[in-house]
Amino acid sequence: MREKLLYALGVIAFAILARDIFIIAGFPPEVAQGNAFKIIFFHVPSWVAAGTALTTALLSSILFLVTKNFKYDATAVAATEVGVAFLSVGLATGILWARPIWGVWWVWDARLTSALILWLMYAGYLMLRHAVEEPTQRANFAAVFSILAFIDVPIVYFSIRWWRTQHPAPVFFSSGGSFPPDWSAVMGWNILAMVMLACVLVSVRLQQEQAQREIDSLRRLAHAL
Amino acid sequence: MNALAVEGVWKYYGDYPALRDINLTCEAGSCLALIGRNGAGKTTLLRTIAGFSRPMKGAIKILGGSPRETATRRNVGFIGHGIAVYDELSALENLMLYARLYGLTDARTKALQWLTETGLERVRDGLVREFSRGMRQRLAVARAFLHEPSLLLLDEPFTALDDRAIAVLQRLLREALAQGRTVVMSTHQLREALELATHVTMLNRGQVAFDGPCTPEMVADPGLVYARYGEG
Amino acid sequence: MEFLRQVLVILAKDVRAELRTKEAVNAALAFAVMILVLFSFVFDPDEATTKMFAGGLLWIVFAFAGTLVLNRSFAREIPNDCLDALVAAPIPGSALFLGKALANYLLVAAVELVALPVFGILYYVRWYERFWQVMLVLALGTWGVTVIGTMFSALTVNIRLREVMLPMITYPMLTPALMGAMQLTVDLMNGKSIAGDATVWLKLLVGFDILYTAASIILVDIVLVG
Amino acid sequence: MEFLRQVLVILAKDVRAELRTKEAVNAALAFAVMILVLFSFVFDPDEATTKMFAGGLLWIVFAFAGTLVLNRSFAREIPNDCLDALVAAPIPGSALFLGKALANYLLVAAVELVALPVFGILYYVRWYERFWQVMLVLALGTWGVTVIGTMFSALTVNIRLREVMLPMITYPMLTPALMGAMQLTVDLMNGKSIAGDATVWLKLLVGFDILYTAASIILVDIVLVG
Amino acid sequence: MNALAVEGVWKYYGDYPALRDINLTCEAGSCLALIGRNGAGKTTLLRTIAGFSRPMKGAIKILGGSPRETATRRNVGFIGHGIAVYDELSALENLMLYARLYGLTDARTKALQWLTETGLERVRDGLVREFSRGMRQRLAVARAFLHEPSLLLLDEPFTALDDRAIAVLQRLLREALAQGRTVVMSTHQLREALELATHVTMLNRGQVAFDGPCTPEMVADPGLVYARYGEG
């Protein structure tokens, strides 16, 4: 039942994305940036999805420390992995965009740099997990690290507000926005679809993780006999 | 109330069950000799009791409390495979450090007293780095006894000790038992251990293979338990 | 009171053990001086542009050299399984953590205070003009480096690849603090006081220190005993 | 032949122990990126002046990453007294030394080769234009760093003063090699070939490598058996 | 020719004379038990014989050569306090590494053979990091015997071994002695050692306090030598 629901959600997410791609392709090229600007319809949603995933990771890490229930540890890994995937997409779309607009792959401004550091930090989380063998210890360390790491997330978000950056100023949730309403709608749908996609991926990873756990405990039982 | 109660403890390393459903109790004033072949799980059990790692299943009660409570820790002394003293500090400094950590009021007196007990007063200002193996082990003994714990967890405490130091340790343990303190020790030097033990527990591949009082028979022939209850 | 006493015991032990061998402190110092010397060859310290980033460079050097000290902080407990004895002792993890953090702080600060005049000479920087403000930034920035370094030293003490993992996870988390310290130092060394816009950086630094100290103290027990 | 086989056995052992976990390479990469990010706070990589010394920067990164690897080289033999067994084995000290130096060389070079393209992207440096010359300088400079690092790692492993002496002697001694490598790299990355005056630096580098390799091989036996 | 000759060896640590004018000889095929109280200098002597440190005065001859010659080293096997195997490699990898270092042609076969002898074949692919203390010591034994040295220098080889492993080691040593190889071992487990020893040397504060053949009397009462020649 749960799986069917997941598949359904996934299919819906893809359907929305497909529809939006079609619509976006129909938008006229922007004055200054040509067709390159259209990447924003994927750039922004992937950051939103990444943020959602990482927040989930933070919450489940805290829950794990409070309850010591390994279910939350599994959720934390799943969410972090998906989060890192979307961070990568965010960085990649950003870079792809930067190349035609700025003429270079990378510039060192607060937004880009803090985003890169965020990525490094959560990649570090995954590596830390690999390096610790004892399951309880691994879960504890990972949870602690996740809490400490999350502090960078708001910094990334606010970096364009706190510092002057090359990165475009905020368009949404700020007064100076100049986005046409129908574009905003498409953007909204895309964000929804991406977040749904993230949820589906997290659930799938979570199921895998739980299956792995069950296999492990079965194997352990076999070893104990 | 039992000084130590181990209830259905399981501990895994990866897939390998190092401890399988261990049940044990120790009354105050008793001395448990934990024996078993190499890799049986003695060290793992002692470390779990001491609270260095949590059991995967089951519970451990020390003097009625959990191993990680501060009150409990104050009453436990541990000697592990490592000797847990600092190479860069002198014998006296090491003992004073631990005396302070345990909040003893007369750190220096206590430290000197235990250096004398273990025959190290001559080298009290020598850095541990310069000690022979047996001298280190003596210092570890002094460290564990320093705060007069009511539960002593000793992992192969006789290792590297010469005959005289073994006699001293046996005397110290006997005194401790007489004062109603409890001792759990693992060892392969059965002769030395069984002289003191009131109970014997044999582990075999992480399971309790034998658990019972220590009989004069066993003391006379230390190989007996292995011969009778070992895997053959 | 009791807590403070425990912190001091740990602090005294670590400082004493380190000063017996001076392993980490010497390494850190030599490393710091080497980098400063090397860099002074690479760019012309006479130039005005150099002055613009000399303050930043200083913090890179501090961060690297500090890592050498921090690496050893919990690693020192490994050889004879001393960590076991500390964990078994009836002191809270937070006392252990604070004691070690303070010991590291003293050691790192000592290295920095020696490196600072060397830096001044090699780069013609008048760092002493705004002495107390520089000291303030130094104190705040170093505490940030230390508290995170100590926490992660505890986190990585038992795992494989400790030496590589530690800097890898420490530096990203340190960046906000380092950034703030760099900005302030550059300003100070170019003769500007901390005022106006620059106070934002100072606030960032203070916030960072408080936030991570609190988080570490709360979380360290979980790390140490699992 | 026999000698070569022994060198290879040691080499294989060290590389295997280090690579037991593949994360080592990942960690090294992440680490290199992190350092580059940190440096970007100090100098603006956009600016033309930065290009003037980006090559120097690169070698600082290498020196730092290299130290991490080299520190471990003989230190790895400490925990179970493994060095005893190596010293007791019927192989000449020079085979032991070369095996370890080569293992370190591979590891350090691997990190460097990964860091180089990242550096190129993040600092807008066209390092690949004079690819083979850059590789030559890299190979020579790295060998210099490795041979000295390994030698002193050995020298100081026995005496307790391990980490004291290692840095205090190594780092100053490394300076000529690093300087040469830096100068050459800066030139190469600014589009100049190694020619004219620059060949002096190349000669310095080659001479340094040969001299210290020979000296180390001759002296290592004394070092290993007090 | 003597398998081992120690001639007037002095060794100082700073000001402290850890060995004072030690003279010893061992014929091929004999087994010397080196006994003495903690800190007497046993480890120092064994390490000096093995060539890890040079004597300050005096000379050491092994099979007629100096300890540091390659030919000599090929014929010496050493077990020290540390076990000298790598935590990050498996048991098999460790043994194969040493087999290669000693230039054995059939590294793998040899390694497997010694794993079986020491009862580690079941865990041959396990990393040493995961071994219990006794399993490590067994591996150290395997490592020392691997290249069939004609002189074995063993520092407390029975430490941490269970009864079965002790029996195995004793058998191995007996076989080695029967083949004309020489054994020098220090230990505090006198009972186990004296069963094998042909000679006994007792050190006392760096000096030889007793040196003579091992008599049945001593085997019957292991404490005898200490009682008779110890400082009291």
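Lettered A, B, C, D and E in written order, each chain numbered from 1.
Quick note on the criterion: a contact is a pair of C-beta atoms (placed from the backbone, for glycine too) under 8 Å apart; a residue touches a chain by one contact, two chains touch by 3 or more.
Everything numeric in this text was worked out from a predicted model, so none of it was measured.
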Lowest number of touching-chain links that must be crossed from chain A to chain D: 1
Taking each chain's C-alpha mean as its centre, the one farthest from chain C: E
Among all chain pairs, the one with the most C-beta contacts: C-D
Most distant chain from chain B, judged by the mean position of its C-alpha atoms: A
Self-contact between copies chain C and chain D, residue sets same or different by half: same
Centroid distance [mean C-alpha coordinates] between chain E and chain C, Å: 47
Rounded Å distance, chain B centre to chain C centre (Cα mean): 39
Computed distance of Cα centres, chain D from chain C, in Å: 26
Sequence positions of chain A contacting 2 or more other chains: 117, 120, 124, 127, 131, 134, 136
Sequence positions of chain B contacting 2 or more other chains: 13, 53-54, 81
Sequence positions of chain D contacting 2 or more other chains: 20-21, 23, 27, 30, 34, 37, 41, 79, 160
Chains grouped in pairs wherever the two touch, ordered by label: A-B, A-C, A-D, B-C, B-E, C-D, D-E
In the complex, chain E residues that touch chain D: 50-54, 68, 70-71, 73-74, 76, 78, 80-89, 93, 97-98, 100-103, 143
Complex contacts: residues of chain D adjacent to chain A: 21, 23, 26-27, 30, 33-34, 37, 40-41, 44-46, 121-122, 124
Parts of chain A lying in touch with chain C, wherever the complex brings them together: 65, 114, 117-118, 120-121, 124, 127-128, 131-132, 134, 136-137, 140-141, 143-145, 147-149, 151-152, 155, 162
Chain B-touching residues of chain C, taken from the complex the two chains share: 2, 5-6, 9-10, 13, 16-17, 20-21, 76, 79-82, 84-92, 225-226
Touching residues on chain A, where the partner in the complex is chain B: 133-134, 136, 216, 219-220, 223-224
